[in-house]
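Listed after this line are the structures, all set down as structure tokens.
After this come two complexes, each holding subunit A, first together with subunit B and then together with subunit C.
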Partner chain A sequence: MRAILGQLFLLGPMLIVGSVVAGDRVSLPKYPQPVGEKCVEPADIMRREHMNFILHQRDETVYKGIRGITAKHSLKDCIDCHAGYDEQGKAMPINAKGQFCESCHNYVAVSIDCFGCHRTTPDEINKMRQLTVKFNQDRPYGGE
Partner chain B sequence: MSYLFATLFYVSLGIFAAGLALKLRQYWSVPAPLKIPTTPAPITRSGVVFRMFREVVFFESLFRATKWTWIFGWMFHLGLALAFVRHLRYVVSSDFFIWPLINNWLVQFAGQYASLIMLVGLLGLLGRRIFVDRVRYISAPSDYLMLILIIMITVSGIMMSFIAPIDVVGLKAFMVGLMVFDWQELPSSIFLIIHLGLVAVLAIIFPFSKLLHAPGVFFSPTRNQVDNPREQRHVADWARSLDLDSADQSSG
Partner chain C sequence: MAASKEMTDQSRRSFVKQTAAGAAAMSVVPGVILYDVARAARDPGDAVTDRTRWGMLIDANKCVDGCTDCVTACHEENGVHQLGRPATDAQWIRKVHLRDKQTGREYGIPVMCQHCEHPPCVDVCPTGSSFKRADGIVLVDKHICIGCRYCMMACPYKARSFIHEDVTGQAVHAPRGKGTVESCTFCIHKVDAGEGTTACVQACQHDALVFGDLNDPDSRISRELAKYPSRQLRADLRLNLGVRYRNI
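On to the complex of A and B.
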């Protein structure tokens, strides 16, 4: 194990030289700008604690059965605001390369296990239902 | 604070590298006049390489000497190795070719929980110095200080990993900034300040401390010599010019 470590120590200077030669100084994750005015928590808190918020929300929803508008830290809502869209206006998976989740998670080698179960794009069907409700509200039954 | 830590890191890394280089030069040049491999010893060069491998990876002679020390010591070093690999994510760019190895779920997972293995090992080693009479008798203050220093580094790391998360993206930006001389802001976290501050202290005292056993083990004559005193006469390099016999032998 320590023999391997010795080799890894040699990597240090190589990496330094490599990154200086690469020349683009400090690269930071790049991701699409979200819609909406502000996040559910201040950005610096979200950066540190988002995984705990989501996990806590999971417990509230799945174990306690508390659903609906009280769900402040819903993963679905994260995706609704933070999804990026391609030229055709089609939502891209949020864990695709260069998208909101993936860009930072890949930057620091943190794996995401949300999307083994959860969808990675805004829920179109749900959005349709909202639009339908709004459409019906705007045009009361029997109108036109 | 960011500038303070950037400076601290450059200074401590400089002392670490220069001090270690001087020490290695000393180890390299100090004479080993006698043939003293601890027997049973390998009789070929490749056998010595294999013995050294077992020594470095499994701590073979410690295993034969003291089982408790071996268990705790080996736990600590195993955890340290795993945690070290996990920490590479802060200094390796995500388009570098070894990134897929670092950005591996198992590697990151093992590296995170390795911190707990490390802590158990360290507490075991500390307990050994406190509770075993004969070890307490020979323990110097530096023995305790070194353990406490590494325990504090481990605990502050565990705090960040499991309890009070920090902005790891910001931290990577800071570390990469150090390497390319484009300084970035250090994310604010008391545990991060403790962690990095103590790591700098560790790097500074490393070349003057017992931690030099890391490179030193490779220079140990009882471990790195081939057991062939009859087949090949052993003469230290510095003694060669004084020795008529060896002059004959080296020519023939």
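On to the complex of A and C.
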């Protein structure tokens, strides 16, 4: 174990030197421009914390039923803004190659579990529902 | 000892007095009270509470044998695609055909998750994935479901399905994927949006299904349950079901 650590200490500076020399050998991820004015949090916070936000939100939604416009960090909303579209205007799956989630997760070599279950594209029907939800939430139960 | 007893009695008396005064004040403004009861459901952004208990009443006499509108609507609403493999395809709701052997009476009823007050699926779940929400809706937290299918074994109503194959094109509001168990959610996305109905109820052209709040004495379901006889499936199990049947 100690020997391995020693090797890592030796390798560390070499790696740093390597990256400085190589410069842009691994290019930064490229992904489609999102729609919408701005994200729910500043970009630097989202990059670091998005997994915690959606982990917290999932429990709020599943157990407490907080969804729709009151769910600030909903995965659905990520997809609604960040999905890319092809030439025909058809939404691309957000975990497809070069798309928003995949490009960055591929860059940092972290696999995504979300899309085994969650839909990967925005849903037109759902947009209509969101309007309904907002309409209903503006006028909660029993309102005339 | 005697002194403390007296004190207790006094405090009780004053409590009763205060409560009576409060009740009087409430009855002065009945409109406000009615509004409060109606609003008791939920404010947006608030967690669900047990002030509401969702339930469904199904009338077997109104349900037309051979009609499967509710099944189609449910599966379309929740993106439960049928793959033409009946042995493994998920069923959130199904029409069960019944025949009384003595009288020959034949009829069909839709059967789905009965949303028990004491759900056996929750009892047996080893991960805590199977749970009952505060408003009585029994759900699977698929994030922590390991697909062991104990709940499917425990359910007396065969209400749950296991997803055997990769899924794409899910409904946005109903995530579902291979290796997890699922069942009727009482269209939870509609309930949370304040629609107060489900896809199957909306699809039924025969008015056989009524959805509503069992805790609200003024809801249609409560009024019908109070007026007409109804039954729970396997009432002997004393699970206190959210789904009730008439004329079975």
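Note that in this section the second predicted complex is superposed on the first by the 101 of 144 C-alpha atoms of A that agree within 3 Å, B and C clash if a C-alpha of one lies under 4 Å from a C-alpha of the other, contacts with A are read in each partner's own complex, and residues count from 1 in each chain.
Following the convention adopted for this analysis, contacts are C-beta pairs under 8 Å (C-beta built on N, C-alpha and C of every residue); 3 or more make two chains touch, one makes a residue touch a chain.
Being a predicted model, the structure only gives us computed values, none of them experimental.
**Student:** Which of the two partners, first being subunit B and second being subunit C, lies in contact with A:I69: first, second, both, or neither?
**Tutor:** Touch status of A:I69: second partner only.
**Student:** Under the stated touch criterion, which partner chain does A:H118 make contact with: subunit B (first), subunit C (second), both, or neither?
**Tutor:** second
**Student:** Subunit A residues touched by both subunit B and subunit C?
**Tutor:** In the superposed arrangement, which is not itself an observed complex, subunit A uses no residue for both subunit B and subunit C.
**Student:** Once bound in the complex, which stretches of subunit B touch subunit A?
**Tutor:** 53, 56-57, 77-78, 81, 84-85, 88-94, 96, 98-99, 102-105, 108, 165-170, 172-173, 176-177, 179-180, 182, 184, 214
**Student:** Can you list the residues on subunit A that touch subunit B in the complex?
**Tutor:** Touch residues, subunit A against subunit B: 1-5, 8, 11-12, 15-16, 18-20, 22, 25-29, 44, 47-49, 51-52, 104, 106-111.
**Student:** Quick one: in the complex, what on subunit A touches subunit C?
**Tutor:** Interface residues on the subunit A side: 58, 60, 62-70, 76, 116-120, 122-123, 126, 129, 132-133, 136-137, 140-142.
**Student:** Which of the residues in subunit C end up touching subunit A in this complex?
**Tutor:** 35, 38-39, 41-48, 79, 131, 133, 135, 139, 141-143, 166-173, 175-180, 188-189, 191-196
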